[in-house]
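Labels run A, B and C following the written order; every chain starts at residue 1.
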Amino acid sequence: MKTDSDHLFPVDPTQRSIARELYAVAAPLPLISPHGHVDPALLADDAPFSDPARLIVVPDHYVTRMLLSQGIPPSKLGVATLPGADPDIEVETDGREIWRRFAANWHLFRGTPSRMWLERVFSDVFDVPPLRAGGTAGWGNADEVYDAISERLSKPDFRPRALFERFNIELLATTEYPLDKLESHARLKADGWGDRVVTTFRPDDLVDFEWAGWPARVAALGALTGENTTTYDGFLSALRSRREAFIAAGATSSDHGHPTALTLDLSRDEAAVLFEKGLNGTADAVDAEAFRAHMLVAFAEMSVEDGLVMQLHPGATRNHNRWLHTTHGRDVGGDIPTATDYVRGLMPLLDRFGNDPRFRLVLYTLDETVFTRELAPLAGGYPAVYLGAPWWFLDSPEGLRRFRETVTETAGFYNTSGFVDDTRAFCSIPVRHDVARRIDAAFLARLVAEDRLPLDEAAQTIADLAYHLPKNVFRLEG
Amino acid sequence: MKTDSDHLFPVDPTQRSIARELYAVAAPLPLISPHGHVDPALLADDAPFSDPARLIVVPDHYVTRMLLSQGIPPSKLGVATLPGADPDIEVETDGREIWRRFAANWHLFRGTPSRMWLERVFSDVFDVPPLRAGGTAGWGNADEVYDAISERLSKPDFRPRALFERFNIELLATTEYPLDKLESHARLKADGWGDRVVTTFRPDDLVDFEWAGWPARVAALGALTGENTTTYDGFLSALRSRREAFIAAGATSSDHGHPTALTLDLSRDEAAVLFEKGLNGTADAVDAEAFRAHMLVAFAEMSVEDGLVMQLHPGATRNHNRWLHTTHGRDVGGDIPTATDYVRGLMPLLDRFGNDPRFRLVLYTLDETVFTRELAPLAGGYPAVYLGAPWWFLDSPEGLRRFRETVTETAGFYNTSGFVDDTRAFCSIPVRHDVARRIDAAFLARLVAEDRLPLDEAAQTIADLAYHLPKNVFRLEG
Amino acid sequence: MKTDSDHLFPVDPTQRSIARELYAVAAPLPLISPHGHVDPALLADDAPFSDPARLIVVPDHYVTRMLLSQGIPPSKLGVATLPGADPDIEVETDGREIWRRFAANWHLFRGTPSRMWLERVFSDVFDVPPLRAGGTAGWGNADEVYDAISERLSKPDFRPRALFERFNIELLATTEYPLDKLESHARLKADGWGDRVVTTFRPDDLVDFEWAGWPARVAALGALTGENTTTYDGFLSALRSRREAFIAAGATSSDHGHPTALTLDLSRDEAAVLFEKGLNGTADAVDAEAFRAHMLVAFAEMSVEDGLVMQLHPGATRNHNRWLHTTHGRDVGGDIPTATDYVRGLMPLLDRFGNDPRFRLVLYTLDETVFTRELAPLAGGYPAVYLGAPWWFLDSPEGLRRFRETVTETAGFYNTSGFVDDTRAFCSIPVRHDVARRIDAAFLARLVAEDRLPLDEAAQTIADLAYHLPKNVFRLEG
């Protein structure tokens, strides 16, 4: 990264100079990425990336949703339609056309993190000129940038593993569902990359009756593990078995994306009844929520046994844009956050395990209002609870700044778990971590400049936030 | 406006200097006021304003509610009581007395936008000395200021149309209920002012069973349009007819002030049943909310047909101060905001029209917590949705600043619809727009100073925010 | 206090210089502490403090909860267990051991107000070196600081009354339950300290059926007052009688800590039925909430009669950490805030008394989201309502700053009631007030530097915030 720039540092010269000094401590530290969505096949295959549009535009729902919001449908940007969707929709296949469309609307991204991430991917990763819209066609120098990136992509230095080394990544966690056979991780292990790329256990599709195809997946879980998943006890055994397989593939944490933060500590028999209703198709929405809520406590219990750190990401209304979902499927930018009650929701889980030294729970939110009101008090009051980094819509300079401003006074720095990039966009990993380090440097610089923390302690803190805390909280110290 | 002042600019010299430069781009641009509450008769009549108290104190509920909050009842400030209200209340009629009472309590407004607006109305519009409380009577130089403003008000240069020209207003939208005959707008049109002062269609009093007198207004709607409004279908036809009349009087948008953001897409028959219950007095609170919710979808459907941009202002608990309501009526400062759920509430409406290129919805809020959590994600994900300016209690320097800080990263600048002054106070229009331009300049200056946006793009952005965006979003480009 | 430091002042030199100037106005003013939890026996006895651990660590739940959150149980910090709690838990009794444990974890407090308060208690009150963790044992200079404070504590200058004088406290209000016989206050009065240390009437334990032992306390109330508290009317008379006794012990306010802000204006007969259900053990959770809600209106009615200012602190989920509650009891750091609806909740109370000039209600919150949305509009619209200082988790530099930034534009400065320290930690009183004065100076300095308020008015405002407003709002001007 271009570590000599003042990008994102506060304007005041005193504060900026302290921020620089603190950033210089964090900048050389290796990247720990304990939570993300990079496809492990990318690194297992280590094949060259395809064209710039398919690398940068098509798979990035931050980009395609912004363009949709101004009337450019995802199909014009190369996003595939679902089988059976409106047959009149033609999906753009020409990478250069997609790129031009994107470039002509570059102004839409002013002030957004996407703009910042992309600019720095262009400059820092690919060393190409900045995109400048305009001109008669509107797309400015789109072709020049496209060609320059394409040229880089053909070189060995721009293959995934070479970039991984260049990015100074020490550890990258990917995320897989329990039915995943972890074949890419096996290949990575065989190549000596097993300690560098690990998996994360994400069982959402196995605990959610409302996710189409649930019974079939439960059956497949039985087939994969040899357990009898027609019973609740067999289902639990099969999940335990998959957790073991994930741990063997390097997992140190599980990840749980639920609509709400509700937890329930049901008896075995109550849970078994729900499980049967789920299987025989008689469960209603209340049953589905109850089963998800109960399974969070069941997974916490497994965590106490096997040591996986539990991550909880509640509060997204999935597929709010129904047309988008029907046409293009999940995870294409149609989700919207919603208010989440952690205080009442987590009570059953925390009653059981909140004070248990073997248990560790990292909480994320899309609802900033809970930072001072709920999450910082919980993290600052329960041994098991840590505060995850600002997530998704909040993973941005202002979001990161508000996070520190609102949680530190109640939870301190040491009940937070460090930055996670949470990204599918492999090339954006370094800039995302760099932004977090810069914002932390700016925040700490204010504390120093306002005589609230001595410089030496601030320096130690930023090193902890950037490197030592995530290694420790996610139990990566092996 | 005194465009050479550093009013509201950031203190840091680097950032201030950039803010000045950006503000200089926006300052000369004409004012677009697509949403407000100026009485159109003011401009149709073009009569001199009455005394300073009746211009500035009596009709401004920001002012009278603050004085009430410190124990000065509205009647002492010239606010009329309702027929039948407590007969012991005497309403002050002496403009000078009202003014002195206001001036003696000038300190209450420190740090408020009312103070700022009034100060700049005094200096920029009337060129009179600043109000300074104190002295033995407490009201300081109240008489001097009162006399100076009175003197100005008698001159032709201070008539409404002269001020309109001086204020550099290109377009002013007023707001009328459907039963309004739009007579002032007809007179304005006859005087060649039809393109400069337009109306807005606000049908709240015709869709709210709980608003006293609803059946009578529905009957009056029938009489006005010649439609049979004893049936739901006739009621819809009558509303369509009034929309046409409003469009003829220049309207390009409708405005909807609802208690919540709930929408419902009922069948024609379900809606007709509710309508009949409303007419025959058997509707309960749930029916009333359902009918309002349904009518939002019905109006969206009409918008798709006739092109009116739809504005939605939910979240005010009207007439919370019941004594104030009973004594002085509506819109005198007794409303209090409340939490609003846009994500679930708008789903039925957005399912129908959120991705429809013919539809446009501008959302406002009194609940800042929804900016990052709900509104920016919705505006950044649906083609139809735009974010309206911070409204009412949030229409202030800090409110405007937080708006940009919280929405830009997710929605960008181009899913916001530009500033609206929303005011009844004609003389405050220029200062309100000026404040918005200054705060935008300050925000953009920070992006520039922190190396997040080049200066030339920031300059283009501020011109868009100040002028081009509202013209475009409100379909004012003719 | 070390009033020459720039602690907490903004970094920008212009703003800092104005902040210094404003702070210099506030710094010499005596402290008014109208709400807090210092034990009055401390000042009645005027005995030397015990060791540093028992003064600073053991009773401070801000400190013990942070250490618990990182796995150090309260028992290791000298916090007593309840009779009947887990007998395997050994409570540390060695003050020096407790202190070392605390010192070795000093880094956990970086960026928290606890760190700031403690540092300035060390430097300003005790004039001892700052704590610096580290070294082979981890606890750095813990012993040196411990010994230095111990040495000071043995001197007459460090007795409570001497510190009270040194701290420049003009008035300190403590908080007592109605069954308290106010014996310490009687002794203080006998010593001529009756005007300096007053009580506050806090009846929560007498209106909450869900608080274990309620019927016994009601019976004790009867015994104490000679009223027949087996009837609702007698219960009310007894409460009135205790209010008189509290007023005789200097009380000018009551304090009410409720789970929610719900109020209900029940008829005498409805309330009497609930009261009886409470006494005979048949009340459920809904009855308990209804009775608490009704009693707020009943107390407001008493306030109109006897003039006590009513304080309401809703929104804490008490004893959320159930293990902590079971093991160590109440008020040891196990409470968590939760969302609170003031707008609907307070309507019945405000309908009755919101516009009554004899009534005064000071509202606090743990939920910052209500500042712009609910509390500032209520305080800026009802004569009776004032906004209390940011409370508990929000009583911190960032919390105080956000408070001014979010409430001032709607409520102004004069509908806020001034800082309250709310503390049990006697030695931290001056630093807490000093922090509030510094943050107000910084906020006002920004208004001055941004040309929003003239310096002379800012200076008058900070004096009002620091001294005159709390005296006036809490009716302490006698």
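Simple rule for what comes next: contacts are C-beta pairs under 8 Å (C-beta built on N, C-alpha and C of every residue); 3 or more make two chains touch, one makes a residue touch a chain.
If you're wondering where the values come from, they're calculated on a predicted model, not measured in any experiment.
Residues touching across the chain B-chain C interface largely differ between the two copies, under half of the numbers being common to both. Least-squares overlay of CA atoms from chain A onto chain C yields a rotation of 120° to the nearest 5. Chain B and chain C have CA centres that are 40 Å apart.
Residue positions of chain B with contacts to 2 or more other chains are 10, 12, 369.
Contacts from chain B toward chain A in the complex involve residues 10, 12, 14-15, 341, 343-344, 347, 350-351, 354-355, 357, 369, 372-374, 376-383, 385, 405-406, 408-415, 446-447, 449-453, 457, 460-461.
Chain B makes touch with chain C in their complex at residues 5-12, 65-66, 68-71, 107-113, 116, 317, 320-324, 333-334, 336-339, 366-369, 393-394, 396-399.
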